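Chain nomenclature is as follows: A, B and C, assigned in order of appearance, with residue numbering initiated at 1 for each chain independently.
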Amino acid sequence: MDRDRPFRLITAGPVDALARTVEALLVVASQPLSADELAAAADDDPERVETALGLLQERFAEGRSGIVLEHVAGGWAFRASREAAEACGRLFERPVERGLSAAALETLAIVAYLGPVSRPEIARVRGVAADSVVAGLVERGLIAEAGREPGVGGAVRYRTTPLFERVFGLESLSQLPRLDDVGEDAGEIRERLEAVAERRGA
Amino acid sequence: MDRDRPFRLITAGPVDALARTVEALLVVASQPLSADELAAAADDDPERVETALGLLQERFAEGRSGIVLEHVAGGWAFRASREAAEACGRLFERPVERGLSAAALETLAIVAYLGPVSRPEIARVRGVAADSVVAGLVERGLIAEAGREPGVGGAVRYRTTPLFERVFGLESLSQLPRLDDVGEDAGEIRERLEAVAERRGA
Amino acid sequence: MRELELDLDAFEGPFDLLLTLVLKEELELAEVDVAEIVVTFCERLAERGQLDLEACGEFLVLVAALLELKARGLFPDEDAELSDLEPEEAAEELARRLAEYRRAKEAAEWLPARLEGEGDRFFRLGPAPLAPRVERRLAPQEPESLAAALRALAVEPPAVSLAHMGLRFPPVSQFLERFRSVLQRRRVFDLDAEVEGMSRIEQAVAFLALLELRRAGEASLEQAAPFAPIRVRRLAEEGRPEWTGIARSA
């Protein structure tokens, strides 16, 4: 990209006026906004909003501007350029400090892949109780309650939040890597398990 | 101002690099930042930061950009352009919400029937931590702080507000539907719910 | 550590003997006050006036295993639930859960790497400094919905399945059988290789089984250094009825 080409910020074109409106919306929004949400607020056409977003993506690009437009957590949002990370680090805390424990990461992974999922289910997968870990992740805003298990007296279920996607830089949960089922040793494991089951059954 | 003059966003000049850093800091900040704070974060000279801010004020000016740099009491901050005021209004004006989330309704019911109650008490009855849900209900004005539990360092307790009574069409809490099937009075209801929550086990 | 003298309601004697009796199912673990054992150990530790890390580590492993066994004993339903399953079904269920667990483990490895890479992406959390205030308005609500929410909370929960405990934490006897059959085939094996991928508590139970094999004189344990692999060596002589010692049914 020819980074040094002078850039026309202002034209009389109506898409440019729309782009300014989208800019304005994004700079005050508290979370990523989808093209549809932007179109509804701007009272304009979603397709024209997409065009405007394309324009803004060029303008607010890494290396070109301190404000960067990114597609994240199912919508569009401004963030600081990576170039300014050091300066930002002096003034702000990282959205999630690195100190996520192994247990927290494991729980987060379970909620991301299997969610909505209840604490008993998480405990079943992890093999240990998950109460304090779950509470900690809720506190950090990375997971949130998502109703209770079906049927009366069901346990509260949790899912990951848009903040989770944003912190991990995901456009959506579908961007999580696909995890293969148990690999090549699946057959061997199965045999062993069957042997165990037979002994138990006996 | 000559609105139509093409605008060079990128130059090799060091003040421009500083301006990008200042842009980045301002887009992340959740409150206005003073020139001194910006200089400390950018690890640069306050005077040069002032120069950079001047540059940005030109770039992010009303009529030229949807993002406007504003000097307010506490320092510098971005806002939406006046041109986009209507669109921003639509973004922030939420449609009237039909109902509450399951978590919010549960918590509200606990505060209404058992209040004043503290967050730990709510958590015991629901079987899950209640911090974020309580914060949300306080923000919406449906519940409010009502002193602390007796004793030193007692937890903050919450009760429902007049807004709550309006929304639920009640003249007072005594008009809440009876819950005789669960317990005779608040104490009994609470005991029953805590026992069940414990068995729910999580 | 193993000579720790205990004076409990249900048992009096060295800790070592207690373990043996429990493993032989000659002592009802449900009646043993594990907290009392911990207190005795702590008292002994305080008397010595110096911290013996090795003894503490061993004690933790053994007490964890004891607690595990006791927990299983306190939930007798679980065994019934398991035996309801046909062996193939049980194996299928185990395989499914193991796969689930592995996927979660793998994902948990991916997340921190991603976080590290995204560490220089800063964005605003919360509202913009000069943003308009959001007003959330709520439509009129029915008071009955509050009563319904509390009633739902008062409903007894369905019986929680404890099957996972049995599946994830096999009994000591199972490890005894398994290690014996390994020792039938091989004179020496490494514990680490055998318990790889198992949960800590499973490994603890496996270790308990090894201690039992050693007690019975069936195997010797060697470890070159702390945290080095534990090597298990067959001790029994040819011709001796090796595997009749302490079978589960004994």
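Criterion: a contact is a pair of C-beta atoms (placed from the backbone, for glycine too) under 8 Å apart; a residue touches a chain by one contact, two chains touch by 3 or more.
Computed from a predicted model, the values in this text were never measured in an experiment.
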Margin query: Measuring from CA centroids, which chain ends up nearest the centre of the complete protein set?
Written below: A
Next item on the list: Farthest from subunit A by Cα centre, which chain is it? Let me know.
Entry: C
Note to self: Report the inter-centroid distance (CA atoms only) between subunit B and subunit C in whole Å.
What the structure shows: 42
Next item on the list: Compute the distance, rounded to whole Å, between the mean C-alpha positions of subunit A and subunit C.
Entry: 34
Checklist line | Interchain centroid distance [CA atoms averaged], subunit A/subunit B, Å | finding: 20
Check: Touching two or more other chains, which residues of subunit C qualify?
Finding: 122-128, 130-132, 152, 155-157, 160
Item checked: Contacts with two or more other chains, residues of subunit A listed in rising order -> 27-29, 78-80, 84, 88, 92, 120, 153, 155
Next item on the list: Using the touch rule from the top, collect the residues of subunit A that touch subunit C in their complex.
Entry: 27-30, 70, 77-80, 82, 84-85, 88-89, 92, 94-96, 98, 100, 102, 105-106, 108-110, 112-114, 120, 124-128, 151-155, 163, 166-169, 176-177, 179, 181-182, 186, 189-190, 193-194, 196-201
Item checked: Touching residues on subunit B, where the partner in the complex is subunit A -> 3-4, 6-10, 19-25, 27-29, 33, 37, 40-43, 59, 64-67, 78-81, 83-84, 86-88, 90-92, 101-103, 126-129, 131-133, 196, 200-202
Note to self: Give the list of subunit C residues in touch with subunit A in this complex.
What the structure shows: 82-83, 85-88, 90-91, 94-95, 97-108, 110-112, 114-128, 130-132, 152, 155-158, 160, 164, 168, 170, 174, 177, 199, 201
Note to self: Applying the document's contact rule, which stretches of subunit C touch subunit B when the two form their complex?
What the structure shows: 122-147, 149-157, 160
